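What follows is a set of structures for review.
Shared between the two complexes below is subunit A, which pairs with subunit B and subunit C, respectively.
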Partner chain A sequence: MFFRVIDKERLPDLITGLGTEYEVIAPVEKDGRFVYAPVVDPAEVRLDYDTTLLPPKKWFFPAEETLMRFRVADNEVLDDEVFAAPRVLFGLHPCDINALLLMDNVFTGRYADPYYMRRREQTLLIGVSCTPSDTCFCNVWDTNEVHWGFDVFLTDMGDRYFASCRTVKGAEILDRFVENRTVSDEDTREFQRVVHDFKEAFDRTVDTTQLPVLLDAKFDSPIWDEFGEKCLSCGACSMVCPTCYCFDVHDRLEPDQKSGVRVRTWDSCQFKEFAAVAHGQNFRDTRASRVKYRYYHKQWGYLSKFERVLCVGCGRCARACPAGINPVNVIEALQTGEVR
Partner chain B sequence: MAPRVAIIGLASDFGCQVQVTNMEDHLLDVLGLMDLAYWQLASSGHLPEEYDVAVIEGAVTTADHVATLLKARETAAVVIAIGSCAVTGGIPALAGTVDYDARYGVVYGDGAAVARGRQVPKPVSSVIKVDYHVPGCPIDPTEFVTVLSRAIMGLKDDMPQDPMCAICKTQENVCFLDRGRACLGLVTRTGCTAKCVTLGRPCTGCRGISPEANIPAARLVYAEKGLDPLELDRLFDLYNAAREVVV
Partner chain C sequence: MNNTQVVMTRDIDANPYHPWPARITSIMDLTDKEKLFELRIIDEDVREAFEFQSGQFVELSIFGVGEAPISISSAPSKQGFIELCVRDSGDVTGALHAKQCGDVVGLRGPYGRGFPFEDMKGHDVLLVAGGLGIAPLKSLINHIHDERHEFGKVTILYGSRNPAEVLFRYQFDMWKHRDDFDLILTVDQPDDTWDGETGLVTKLFDQIDVDPDNTYGAICGPPVMYKYVIEEMRKKNMDVDRIYVSFERRMKCGIGKCGHCGVGHQYTCVDGPVFNYWEAMNLQGAI
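Right after this comes the complex of A and B.
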């Protein structure tokens, strides 16, 4: 890892410089909340954002994307190329970088997904340190720190950023686009102090003791019925989740019925049709079973395969769920047997 | 042989039929798929004796409508209901939320010609079996073409069943409920990409109540957000007065 220090007032140069060679995506304000969007003017970038409405996954795995075009008459695939422009995702919080690493396990593993991979390969990630919001619980999963998966990570030290370059490419773009200097002993001491303070600030406590065991032991607990009664089956939680990767695939014909497109869209395990199979059977017929399996998969199924839970504590689902169901109150209900 | 299609209007403002004509770029492609036997809006002819697909727009408000539907069901192999009026009773069904006969007098007066066999407006599916639905006020012409082609190919109805919130999230809209404003998206059938919310207006439920809607839970959400829980039910009246839930 290489380290550099950048004066805060020089940061816009980096964004402008990157913009000459990359599409720069960064958090910008939208109706009082924030979204990752393409930026041209560095003044639009809001590094003081709390969280974004949708996570960065949309830039690698869009809510809807065309997988291929086809011609009906001869079943010919006309176009299945993935075009991915060189891109920089600027300003990612540690939770969101960690979430992409969890997505990578799925999309770049045994059955590598060319669409996701192509965009991932073409995108540089620049992270930035953050402070906790009301709904964050990343410290519960140790995802308030990130050690790899980024090209550059900027730690806010007041008047300057401590820039950790994880990749050669990351160091290159810093040297090319923004005035920077090497790290002094004082910078390193300040960095240590600041990162300690950051870590201390994340003090959410959630009792995750023996969570996988609890999930199994309380498989038939009435808490699931209570959550099922509250759940709207709307799927908002899955959409805003930085680690939810389930999708559906549809063929859509053009109005002339001579050609069509195969599209992939985000799906949700909270939809009834999600587990419907031929002959009208449905493995998750009730809301309660669907809520249960969402948590069962995130906190146990994925863990058993990849040794991490499929949650980074970003708190987006806690904000998005109209009914107020979220991992924190689900885990608490598992521990106490009471839904609050 | 191309299937013979008849487009029949009941009580509505014909807006959905207009939507079909609005598909200028694709209209010829669509017409190429079928033999248009009758189109109430665009022709002066009469409904023929034989046709294969009946496309019905509008709510059922008279005995004549009932007779038309029964005949259509008998004649056509496939019946498609288009638009809120036909699918859920739509805005006409609002008449059923008050004393219908008294209201009729208020609107038309004592001497008004009374439609033969007038009745509380209701959806097409309350009279005959409907094979395919294209919900919405007005319909999305692209969705209409998709459904029509599915019907012609004999594929099953694939109408979205889930509530709207998920697709609304993908549009990165800031939730109206979080801003203390009533929105029906959490109980309304998805499939419109949450157009209204994206354009800055709460969902009014024109696509009908989602079969997966959890209405008691939605009332609790309203209360939690500082709204009157019964506001949800009042808002339903605009497009879902008949409380028809199409599966």
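Right after this comes the complex of A and C.
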């Protein structure tokens, strides 16, 4: 890796410079909370944000997108071009970068998804260090550290940033758009101190011992009925989750009925019809079965394929759930057999 | 024209969601609700590249309506055409039923893991179907038929609700007179014309002999059926990892992404739809 130091007061130059060649997406304030949004003025960017309402996944996998245009008469695809503008996602926290790496496992590889891939290829990621908020539990999954998947990562050292460049492109944009200097021994010592303090700041512990085994062994545990009673099946947890990737596909006809678009939208395993088949059978028709499936898939299904859990501990689902279901409490309940 | 086709093939390679146009070359009414469609993929390169195993499925795509996963009913030994046995039970299948010979629909696939045909060679095979579950098993049955000399004893047990719902009757009538297939049909509600057995398919296990050390089982039917048929096979001492089941789930994308077909810790579309019983036992909520 290649390192540079940037004075904090110079950082707006980087955002302005990037803006000349890329669409810059960064955290901005909205009604007292934060969202990723296109920015023009660097002064809008709030790198002191806690977490954003929606995760960055929507810039690669939008809540709704057109997969193809079609003609009905001969069942022919008219157009399935994937257009992606050059873009920078600026100010991602380590959890959200790690979440994209987990999404990559699903959307790249076998049967690679060209829509996701094209946007991913066209987007630079610039990460920034964070401070833990009261719903964060990324330390539990070691996703408070990120080692790859970004172009540049900025570690806040008070009056300056310690910039780690992971890619050629990352190094190039730093040199082109912002005044920077090489790293001194003092900078490296300060970096070490800062990242140690950061790690120390997490005090949440969650017992994740043998979760996949527990999910199987306690499959019929009454805790799921209790969480099922609470759950409203609203799907908010999936929508705000940086790693939830389930989708549905619909065809939408033009008024003349001759052509139309095939559209993909976010979906949630918490919705009642999610696992229903044509003949009327619904394999997860109770709320309890659906809540359980969400955890079962995240902590065991995904892990069985990619050796990681499908959660980065960002805490968005805990904030979004109108019924107050928190993943930390679910995991604890699974361990202890009691819902607190 | 030739040029267009090359471009289309390349697009198809690049985009797994892109359906291949296929022409309906034959439609046969099987019952009131089920028809057998024969399809031919129009693009020659794609058609030749389309190789499948019994037990795999395709995504049938009708633009303006949507997509539905349908298991392939013809045998891999029949090339150039594929057959889909489809019940009119939803939007896409309803739209397909309204199509005529010569109409064009879309196909993606083949997807998933099929039956272990090569492993089954040299062994006895016991196939058990219930209702529309005969659709994927018919591919395996026909494939075994086409390479009959490679197999030991072949037994087919097939249960339907009533005689009018028995699928592929023309084929079974043809085989009734052969001594190299033990074919037993049963219905729950017989009528005056019925000359087969009466009762659930599990009842037929009293009539068959199984060599437990040398038999592969294959089961497909309504979800409620699996547990009871597996029980009968286990009573015959068949090994858990030689009993194969095919699951129906909501395979919306077919390529392990959309999440709808999750069963236990697996996805039916890429990890199944065929699982052996040992695997199925390890899928919580599967049976």
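Definition applied: the second predicted complex is superposed on the first by the 340 of 340 C-alpha atoms of A that agree within 3 Å, B and C clash if a C-alpha of one lies under 4 Å from a C-alpha of the other, contacts with A are read in each partner's own complex, and residues count from 1 in each chain.
Heads up, the rule we're going with is that a contact is a pair of C-beta atoms (placed from the backbone, for glycine too) under 8 Å apart; a residue touches a chain by one contact, two chains touch by 3 or more.
It should be emphasised that the depicted structure is a prediction, and the values quoted were computed from it without experimental measurement.
By the touch criterion defined above, A:Gln257 lies against subunit B and subunit C together after alignment on the C-alpha atoms of chain A.
Ranking subunit B and subunit C by residues of subunit A touched puts C first. In the superposed pair of complexes, A:Ala236 makes contact with subunit B only, with no contact to subunit C. Of the two partner chains, neither subunit B nor subunit C is touched by A:Arg340.
Look at A:Gly324: by the touch rule set out above, it reaches subunit B but stays clear of subunit C. When the shared chain is aligned, subunit B comes close enough to touch A:Phe271, but subunit C does not.
Contacts of A:Asn75 after superposition on the shared chain: subunit C is touched, whereas subunit B is not. Of the two partner chains, subunit B is the only one touched by A:Arg33; subunit C is not. Once both structures are placed on chain A, subunit A residues 253, 257 are touched by subunit B and, in the other complex, by subunit C. Remark: subunit A residues 67-68, 70-72, 74-77, 80, 106-107, 110-114, 212, 215-216, 219, 245-251, 253, 257, 260, 262, 267, 269, 274-279, 281, 283-284, 289, 293, 296-297, 300-301, 303-304 touch subunit C in the complex. Across the complex, subunit A is touched by residues 23, 26, 29-30, 32-33, 142, 145-146, 149, 161-166, 168-170, 172-175, 177-178, 186-187, 212-214, 216-218, 220-221, 224-225 of subunit B. Residues of subunit A touching subunit B in their complex: 30-33, 35, 53-54, 58, 63-64, 229-236, 238-240, 252-257, 266, 268, 271-273, 287, 319-320, 322-324.
Against subunit A, the residues of subunit C that register as touching in their complex are 11, 14-19, 21, 61-68, 87, 89-90, 93, 104-106, 223, 248-250, 252-253, 255-266, 270, 282, 284-285.
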